[in-house]
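Please go over the structures that come below.
Below are two complexes that have chain A in common, paired first with chain B and then with chain C.
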Partner chain A sequence: MKRRKFLGLGLSAVAFSTVASANILKEHPQAFDAKSIEEAIKGLYGTSETLNDGKAKLKAPDIAENGAAVPVTVSTTLENPKTMVITVDGNPHPLVAAWEVQPGTIPKFSTRIKMRKTANVTLIVEDENGKLHSVTKQVKVTVGGCGG
Partner chain B sequence: MSSLNRREFLYMMSLLGTSQMFAKSHEKAYDVADVEDYYKIKNFGNARFLHITDTHAQLLPVHFREPSVNLGFYSNFGKPPHVVGHHFNKRYGIKSNSRAEFALSSVNYVQNANRFHKIGGFSHIKTMTDYLRGTFGADKTLFLDGGDTWQGSATSLYTRGKDMVEALNILGVDVCTGHWEFTYKDKEILANIKLLKADFVAQNVYVKDESLMDGVEAYDEDTGHAFKPYVMKKMGDNMVAVIGQAFPYTTIANPQRFIPDWSFGIRPEEMQELVDEIRETKNPDAVIVISHNGYDVDKKMASVVSGIDFILGGHTHDAVPEAYPVKNSKGVTHVINSGSNGKFVGVLDLDISDKKVRDFKFTLLPVFSDLVPADKIMKKHIEDVRAPFIDKLTRPLATTDELLYRRGNFNGTFDQIICNALREVKGADISMSPGFRWGTSILPGGTITFDDLMNQTSMTYPETYIREVKGSDLHIILEDVADNLFNADPFLQQGGDMVRTGGLSYKIDPMQKMGKRITNLELTNGMHIEANKMYKLAGWSTVGSQSEGEPIWDTVITYLEEHKHIKNIKLETPDIIGVKDNPGIDLSMYKH
Partner chain C sequence: MGIKAIAKVKKSIATVKLLVKHPMEPGAIAGGKKPTKYINHMTVKHGDKLVFDMYPTSAIAKNPYIKFAFKGAKKGDMITVEWFDNTGASEKKDIKLK
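Our next item is the complex of A and B:
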């Protein structure tokens, strides 16, 4: 498939996932306002305990080309994931994205996130039993301008 | 694979060191009938790679002093390329006052430079590489250029890199990748690549998704690659894959505004997928990467990506006379770096059979311009390129008693001139100049011409600025640059040297974490920098947006014409903590 066409499809997928995460928003209206990751994750799932077992996959740059729009791709090897969320520990409101994964869809999403400084980006995936799986990667945001 | 390459190198260097091989060179300087007399490399194996990188548009032979400070820490402590000066001489068995020392080492630089001729120059490279290709077999030889070729001289800027594209075509280069190439405008870059007879490859440059949606052209719409990621090349009976790796941090270390649609990055996962795909579907006899990652990034990439036989790297300007083995999950990848400024040609001979590289030999050959005669066609091209500007280029600006150079982790003498010029001409408390690794050297007793000045400053974003900056922000800038240089993770190192400062002294502890490396910030008069106080800062080469001031060369011309003669330069270099036993610094040369 041509990437341009795929991106077209991707846009509709994003639209779809926004609808899906609207459910998350409805059920947990405070989550996106939470000031800490623990508060946000506890608010969403009732626990903030996660397994770092390699089942959550996160792709993000080592150094951001543009802190205002850092490309992040998330996916999982889990069979029937229910939800996937991204947090950034350096942001004032650390919960930055949430997807509700519909049965039968490929659990892989790409988005752009805003980061004001160097921070850890974490993906948390909720499996069908309600267990949480996570992966973290540090993304550096430089002031730039004097290197070379 | 054997360590034959290093032994062979030491053998060759011992010849160079005792001058046996060159005993008759002085009689025959410039009229050597047969290059074979001097560059007797025994042919080895059945595939030869010739490698140049980071020539920075130095069409003419140069003086370029190798660094006396190139610090490595953690797993890179004392490992190539972080071995300099007397440590370097010891590691590679280089004798004092030999040609090898002149080419490769910072020890006795002025003495050697006064004794021997300049090194490099494209017309000499042309003669040498034609010879190396001809004696081995043109059908079995590939010529690779690692990038930073289209920038670094006045004429490269005036012709927007086209003088160098033509030089590469005359050289007969087969495959290229890039970094400073991307500091021209995207349309100019694409036009130059069309003129280039070589394949321009980069697996790690993508057209941004949003740009693709807007209809921006990509090399491959399926994958989003902006350029061809790799090429398959026939070398005798073998098929070899050559993958390109452009400088991953181009859009961070250099302006994005010239190339708004392209996204870079190291992209090791994509590299692994590509290597696997090539291995599965193309049945290659060897897989080679032509890289502009920088030495330490290449070493880490070689450890996390498997299936690459050799990485021919550049960017960090390291003249390392050995192939460095790196273990990974499926075997060993060797990393090579062939110096800078046209001083060297890397010669990598492979013995390939049954789809495997059985053995190899690597030689880093200095291009001694008095031993290798100039090629006439290239010489004519260079003269033609320079002719329209020759009066401007040869204009003398000042004379110097000092050796002027840039290369090194901290301030060089030419940077000191730039920093002094910025402070004096613009009336600033403090000045900053980027830690580039390009910029040629001028010997004591020499004249600084406009050409020389452009070799230190030529670029597409030379504008200067003066602004008020808070003391705390000065600290943040220094910390940020120091972290790009000394981060424990090579993937977070951008490959430049420390920003040069004028009027500002500090202490640096490279082993600390970001935010804690820089202390004791002081003005030249001994006053401490206060976090909340404002200071007048002058600088140039702004990445974010175009600055308002004149180009830096105008600032420096004003300074040089005022001072006329450069002497007693007071080099402002920081106190470095914890490097007493580090082979990446020759303390006998630091602050002297």
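Our next item is the complex of A and C:
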């Protein structure tokens, strides 16, 4: 009886997580418009508690001459990450980009981001159990690149 | 608009570099006057299998560059890249892995 109940719980948890990760923009639009990192992360995951345990990896320059295109590479040593999110605390909207990673996809992405000024770039990786892992790096920006 | 790609397979791992032509204009978000126009969803499939979804914002640099990799690929396989922006524009492209 107990086993059956446990399996049932497991199934409903799987079903729920599939729905939740179907489209994080549609599910959590407010996180993308958030004005602070805490608000953005809470908006996405319901908690802003992250582990700084070295499992999230972020490659970014120490100094960026052009804030309009700062190269960053995000990756993780976690086995089955579900989502990866880049934030920049000096931008009007700190949430820069989010990825939903599928099994078989190597959890490593490179892109170029905009930074208005010298700020902290943070990568948050959600593992298969929903725990959040983070890493932060300060990038000095000589010429800001957020202007319209 | 336009999607350029370099997509290569080595030992069943595909490495793809994408360059998408798009203004990624933050407009009022960054205090500007131009209309806000940025890609807010990009999806990549390998055949029918989803590789990843990316949700960019206007803080991704103009003409977005994205590099990624996935397992289980072979030369000649097709991937599909599709993006959507906040104004309803979209573009889809099939790319052959070399």
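As a convention for this text, the second predicted complex is superposed on the first by the 120 of 148 C-alpha atoms of A that agree within 3 Å, B and C clash if a C-alpha of one lies under 4 Å from a C-alpha of the other, contacts with A are read in each partner's own complex, and residues count from 1 in each chain.
Assume a residue touches a chain if its C-beta (ideal position, glycine included) is under 8 Å from a C-beta of that chain, and two chains touch if they have at least 3 such contacts.
What you see is a predicted model; the values in this text were computed from it and never measured.
Within the superposed three-chain model, A:Gln102 lies in touch with chain C and out of touch with chain B [touch as defined at top].
By the touch criterion defined above, A:Asn91 lies against chain C but remains apart from chain B after alignment on the C-alpha atoms of chain A. Within the superposed three-chain model, A:Ile63 lies in touch with chain B and out of touch with chain C [touch as defined at top]. Once chain A of one complex is fitted onto chain A of the other, the partner contacts of A:Val143 are limited to chain B, with no touch recorded for chain C. Partner contacting the larger number of chain A residues, of chain B and chain C: C. Counting contacts as defined above, chain A residues 110, 145-148 meet chain B in one complex and chain C in the other. Those residues of chain A that touch chain B in the complex are listed here as 1-4, 7-8, 59, 61-63, 65-66, 71, 110, 118, 140, 142-148. Here chain B touches chain A in the complex through residues 209, 212-213, 218, 221-224, 249, 251-254, 256, 263-266, 269, 432, 434-436, 476-477, 480-481, 483-484, 489, 491-492, 494, 496-497, 499, 514, 539, 541-544, going by the rule given at the top. Every residue of chain A that touches chain C in the complex is listed here, in rising order: 23-25, 32, 68-70, 73, 88, 91-93, 95-102, 104-106, 108-114, 116, 145-148.
Note for the complex: chain C touches chain A at residues 13, 24-34, 40-41, 49-62, 64-72.
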